[in-house]
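Labels run A, B, C, D and E following the written order; every chain starts at residue 1.
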Amino acid sequence: MKKKWLVILFSLFVVCAVFVIPSMLPAAKKAPETIKVSAVLSLTGPFAPLATQAKNAYQIYFEKVNAEGGIFIKEFNKKIPVEIKILDDESDGLKTILQLEVANEWGAVANLGGIGCTSFEVGTVVAQKNKMVWLGPGCAGWTPHQRGINYMFSTFFKTPFISPLVYNMIMSMPEPRPKKVAIFEINQLDCEEAVEYWRKGAEKKGFEIVYHQKYALGTKDFSAMITGAKAAGAEILLGYPAPPEGPAMIKQMKELDYNPKLIYWIRAPEASSFGPALGPLADYVCVPVAWSNQLAISGNDQLNAQHQKVHGKLGDPITGSAYAAGQVLVDAVKRAGILDRKAIRDTIAKTDTETVAGRIHFSPQGWAVDRLVLVLQWKDGKQNIVYYNEAGQNYKKNIPKVDLKWQPPWSSR
Amino acid sequence: MMLEMDSLSKSFGGLMAINHLDLDVYKGEILGFIGPNGSGKTTLFNLISGLLKPDSGKIKLNGIDITPLSSHKICQMGIARTFQLTKPFAQMTSLENVMVGKAFGCTPTWSMREAKEEAEKILRFIGLGEKSMWRASALGVVDRKKLETARALATKPKLLLLDEMMAGLTPTEVEEAMVLVKKIRDSGITLIVVEHVMEAILGISDRVVAINAGEKIAEGAPQDVVRERKVIEAYLGEEA
Amino acid sequence: MLEVNHIDTYYGELKALWDVSLTLDKGEIVALIGANGSGKSTLLEAIAGLLPPTTGEILFEGVRLDKEPSHRIVEFGVCLVPEDRGIFPGMNVSENLELGAFSKRGRKEKEETLHVVYGLFPILKNRRNQLTRTLSGGEQQMLAIGKGLLSRPKLLMLDEPSLGLAPLVTKNIFEAICQINQTGVSILLVEQNVHIALRVAKRAYIIENGRIVQHEQAKNLLRDRRVIQAYLGTHYA
Amino acid sequence: MPKNWKSFFIFGGIIALLAMLPLFTNRSDVLTWSCLTLQYILLSQSWNIIGGYAGQVNLGHAAFFGLGALTTRYLWLAGLPFPASLLSGAFIATVFALLIGIPAFRLRGIYFVIGTLVLAEILKVVIDTRFPVASVLPVETLLTYSLLPRYYLSLMGAVLSVIAVYFISRSRLGLGMMAIREDEDAARTSGVNILQNKLIAFAISTFLAGLAGGIFAFYMVAIQPGYVFSPIWTFDSVVIVFVGGIGTLIGPIIGSVFFVLLKQWLSLHLPGGLHLAVFGVLFILVVLYMPDGFIEAIRRYGKMVTLGRKPMVQGG
Amino acid sequence: MVQFLAQTFVNGINVGALYGLAAVGLSLIFGVMRILNVAHGEFLMVGGYIGFWLFKLYGVDPFVGLPLVGIFLFLIGIVFYKVVFSRVAKFHEEVKLKNSLLIAFGLYLIFPQIAMVLWTADERAISPAYSGQAFDLLGVRFGYVPLAGVCIAIIVILAMYLFLTKTYFGKSLRGTAESWKAAKLSGIHIEWTFMITFGLGISLAGIAGVLIALTQELTPFMGMPWTLKALIVVVLAGMGSIVGAFVAGLILGIVEAVSAIFMGPYTIAIGLLIFLIILVLRPQGLFGRA
């Protein structure tokens, strides 16, 4: 009887070996027919809605690049098309590692990443270990950039810059201006950071935080917080809701008749589905974004047209940041002239290029310096640009800006 | 006196399963325990083995009150039992079933070799030696009963409670079982035997106690008890 | 009316019935007698379709039952009141009785039958809103029989109706059984109380280790040593 | 015992081959898959002890994995030597198990199942809130990061778990555990101290789970603290054990290979998202057609083959 | 303060009614069939999306669409019972429980991917013109939609209750839950009963899904969290207790709402902790029998 088990064990081992051996065969060194680029994204699981936007951007962009024959590589003195391998990490940090290792062995020259701090925090470290660039929207988190990792580049904005922006925006409005702030803090890293800068900014700019409450991801009932903020008389509501929380929060605010003058939320309202999901209730909600499909910067018309054609709608905010990451990569590869990871990293670090999301160049820590940030306000199912940061001054004519409107009470809408 | 039960009572939702029962078991005897279905025999076994706690009354083993002890303690003090509806460890082999008894019973051992040798011995004794590597789930009714007995014996009990060991056996098998029970007694173990097969219980018991509706209705030598009107009525119903 | 021809039945790998045959005529009470674990209940379950036989056939009024699922067998007018009484402990008495009449056959004449059952067991009427679990054993048995009757059976199979009951209650139940029989319902009875069983039954089968070993008129068996032996063993008498 | 010699020889041979794997390949993806498979063997074997052998379907396994992982990680990064951190992690997991064991084992059946599940959820929420920042290896460590020690550690963990299960299944303890699984009343009246046995089984199981967590913490370049408490860890190990064959030595090994490698293979060959759906379908088919796991299916096949000779005999 | 507490209570009930409704179907299926369908949340998600489709594509008011969704999900439930679960229903109790869990786990892998294809990964919600509207009663705000949700939940549970206690077929379901053997002997077609039960349970999940889409949001990955919530509520109530599940849902909602005032991010943990304590003190659940 024993023997049978051993046979089973052994055949099991053989199966493993069959799995392993083909992958052990040496990959012959030949002239590259393609430039291999991986994209490890959360195509399934809770982060899928965001990562899908990035995937769409990469596909549209590299289709365009390949339609033009690929990227010109000096070393071979010809254009080489890009082969992009999209790998799913199931919104699971462990799978992120798994797929990045696959990308590593596959021979990708760089990895294009998705969005969300989880995959960013884990993925960039693997990239560092493998000495392969991780370039993508990343996340708004500031902490991941403070760890001395130099193979990561985020084309997204960061909390120290978007958080205080709200105060600048309010200050740019004529008096009377709201002064009292309420903060709904979700138990996530980037939100914790944002709250810190909201606090500092409030002190500096003379705002008063009258209500601050922390809550956990997965909360379904926000009425305790809303009641609290209402009781404290907060006129400005700051928050970092995860996408599935946005509509519930707004509906409960209306039900409880809480009337802040300004709702400034990072994340949840940026998706183009936020407005349709809520209808007129979405009006007046403000959200900072790193790209808008209304930006009249060159390349966007084409991106929007293609996005409309393939996906039936204009690009979402993440689409632009991801598209920009693709542009940065192609630009860097072109400048590097060779298909070497280290060389590509070095050229990316020296990037100073115009993208669909404005000019991008990186700090030594890999975040985009002087990144264009827009504030959108929902109105009638559309996201209007109502404010932009200093970086936006250079794009004045490209940004169709309208005036910020204070949110009227629910009863008069 | 080995086991004393003192005014033992147990009720289930108003129904008195055992009603102020006094019963003594003497060292070295085979006590036959009879009564119709539902008369409380199995409940009494459950009380003695500690699976149920009495509402009132005491059980003493060699003068020590075992009423508050948990089942495994009672087992380790020397009371083993079998179940009427056999409870074999179905996914384990016969050998392993019996090894459990040896390893955890009255003379616990950490040595699997010792437990195995002892278990093999007992399986041979009981007549299951050939099937020691069978899974218990593959055994037939008769073998399961044997296995239960073997497992109980392996705990090295001083007192063994056999619950309907012979039900459903053919006459020849009953004969064999009777010989077995006597052999067990001869090895120095006191037995309480619950049995429906009257032939068997009368054949092997030194003493018989009959109960009905949780109360003792007769006690004494087997032939006498079985002739008592109360007992016959309890079994066959009142004759008109 | 009922004809069981040479059936074998297995519990998983265990053979429980060996070549069992049995007949029952219309209006008869037939008793099945045997020791614990001899296969009486198994036989009833086989007829009721809970444990279909692997070989042999079961005919009821000329229709083969052994291939039918149990809920269909009820529709043919064969009803089993099992040893655990087959009632729903978490439901009240009238709900239990209603479910007894779940079959199309029973539903048609539900009201009349209900009337009959309440006439037979008046206590059930008083307790009709009480949870079954809170009834006494005798009441539960009455309910079980009543519930069985509501399916309008032609053949009622009773498994140990006196189990765990006081003698007086047993007597009442058996009186009821006789009354039921007088309304034309045939009865197949498994009973440990041999005297009572043989007094009400016309014929009886003795079953041992899954085999029918004897078949006799009840009144003859009443004086037969073998019956006593089946229960009290050879040392008696 | 020549029979045993042979099995030890083959078992040793397989370990030796696995140990030599890095000589054949230094591909990081192959090593990663192998690491992961081995770690899943360790984790699922640890669940197999409490769930398979002792029969207590504990759905709070992630809690112990997580405790082991976090403790190990923070102690290690704080400068404690890794082996000491690893043991402390496993130790903390065990202590926690013993603390909650007595109230938990009051629950029976489905209530125990859900109760343990909820326990892990509570820890997850608390940890998510308390530690939102990922624990990332310092860059200096990353420079010297090598998969090899991780691979060997995972291998050691897996081998340890297999050996542990092997010995448990052949010890008095295992005997008691299986008896409890089969029938608590019969076990009790055969002298088995139910609570004590369950607690010991729980302790061993959680110790190994903590160890799995620790090895995972050593392996991962970055960990989100809440992530190691995700119910996914429990479900994965339960699924692996059930699909492989519960309460067997080989089952979890087969299950891990199936679960990790098949899923990975599908994800590489099917467009994004679809691989999970396909895996789900395959998984349901396995459950429907092999209700007792691969092992039982193989066993039944083996039985069919050997039916003529010794049909009923079941090897230990 | 009284007003504030009253408001908190109302809020708790609003969410708790959803918890309860989500749990009832799970409880029904478990009670009658002993199948633990951990893919319950997935069916809930499908229900929500169907309601969303009806609203978006055909302009059907979600409350009008509810019965349609209920019927559609009922059919889906029957199909799933026939294709997969009927094969498990035949097994012995323990194997059945285990394998039903595993199969549901497989479904949990499949459903979100299909939903992503059909409805994309974008978040969706049903927001008719009246959503968010509320009225004031003694200073306590009552939202129309949540109130309607609570009412519908109560109506559905009541209907379920009446169905189970007053109709013949409902009684046969309860009977089957009590003892399938007795049910068989009473002429009840078990297979049929199981199929209807599964359909009903899934249909209840679908109705809960639409209500969730009205007050919360829809994503392809919402299934698992809702399954966990429903499971907890079902166990809290005592397995198989229908009305109990609803009450337990309300209790959990209120507990969470109240603890949200003091506990912030630990609210969810507090709810779970209370659940655990109840479980240890009363292992059969609040409304279960010992």
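We adopt the following convention: a contact is a pair of C-beta atoms (placed from the backbone, for glycine too) under 8 Å apart; a residue touches a chain by one contact, two chains touch by 3 or more.
Predicted model only: the values in this text are computed from it and were never measured.
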{"item": "Chains touching both chain A and chain D", "value": "E"}
{"item": "Contact distance in steps, from chain A to chain B", "value": "2"}
{"item": "Contact-richer chain pair (by C-beta pairs counted) among B-C and B-D", "value": "B-D"}
{"item": "Greatest separation from chain D - chain, by CA centre", "value": "C"}
{"item": "Rounded Å distance between chain B and chain E, as computed from the means of their C-alpha atoms", "value": "49"}
{"item": "Chain C and chain E, separation of their C-alpha mean positions in angstrom", "value": "42"}
{"item": "Where chain A and chain C are represented by their mean Cα positions, the distance between them in whole Å", "value": "73"}
{"item": "Centroid distance [mean C-alpha coordinates] between chain E and chain D, Å", "value": "32"}
{"item": "Shared interface positions of chain D, touching two or more other chains", "value": "125, 129, 273, 276, 313-316"}
{"item": "Junction residues of chain E, two or more chains touched", "value": "112-113, 116, 265-266, 268-269"}
{"item": "Chain A: positions in contact with at least two other chains", "value": "44, 48, 187, 214, 216, 218"}
{"item": "Touching pairs - complete list by chain label", "value": "A-D, A-E, B-C, B-D, C-E, D-E"}
{"item": "Chain D-touching residues of chain E, taken from the complex the two chains share", "value": "36, 84, 87-88, 91, 95, 97-99, 102-103, 105-110, 112-114, 116-117, 228, 231-232, 235, 239, 265-266, 268-269, 272-273, 275-276, 279-280, 283-285"}
{"item": "Sites on chain C touched by chain B in the complex", "value": "13-14, 35-38, 136-137, 160, 162-164, 166-167, 170, 192-197, 199, 209, 228-229, 231-236"}
{"item": "Interface residues, chain D side, partner chain A - complex", "value": "3-4, 6-7, 10-11, 14, 17-18, 21, 24-25, 27-34, 36-37, 125, 128-129, 132-134, 136-139, 142, 145, 220-224, 227, 232, 249-250, 253-254, 257, 261, 264-265, 267-268, 272-273, 275-276, 298, 302, 313-316"}
{"item": "Footprint of chain E on chain A - complex, ascending", "value": "44-46, 48-49, 52, 187, 213-216, 218-221, 223-225, 227-228, 231, 243-248, 250-257, 271-274, 276-281, 410"}
{"item": "Of chain E, residues touching chain A in the complex", "value": "4, 7-8, 11-12, 14-15, 18, 112-113, 116, 120-125, 127-129, 131-134, 136, 141-143, 145-146, 215-217, 219-222, 225, 253, 256-257, 260-261, 264-269"}
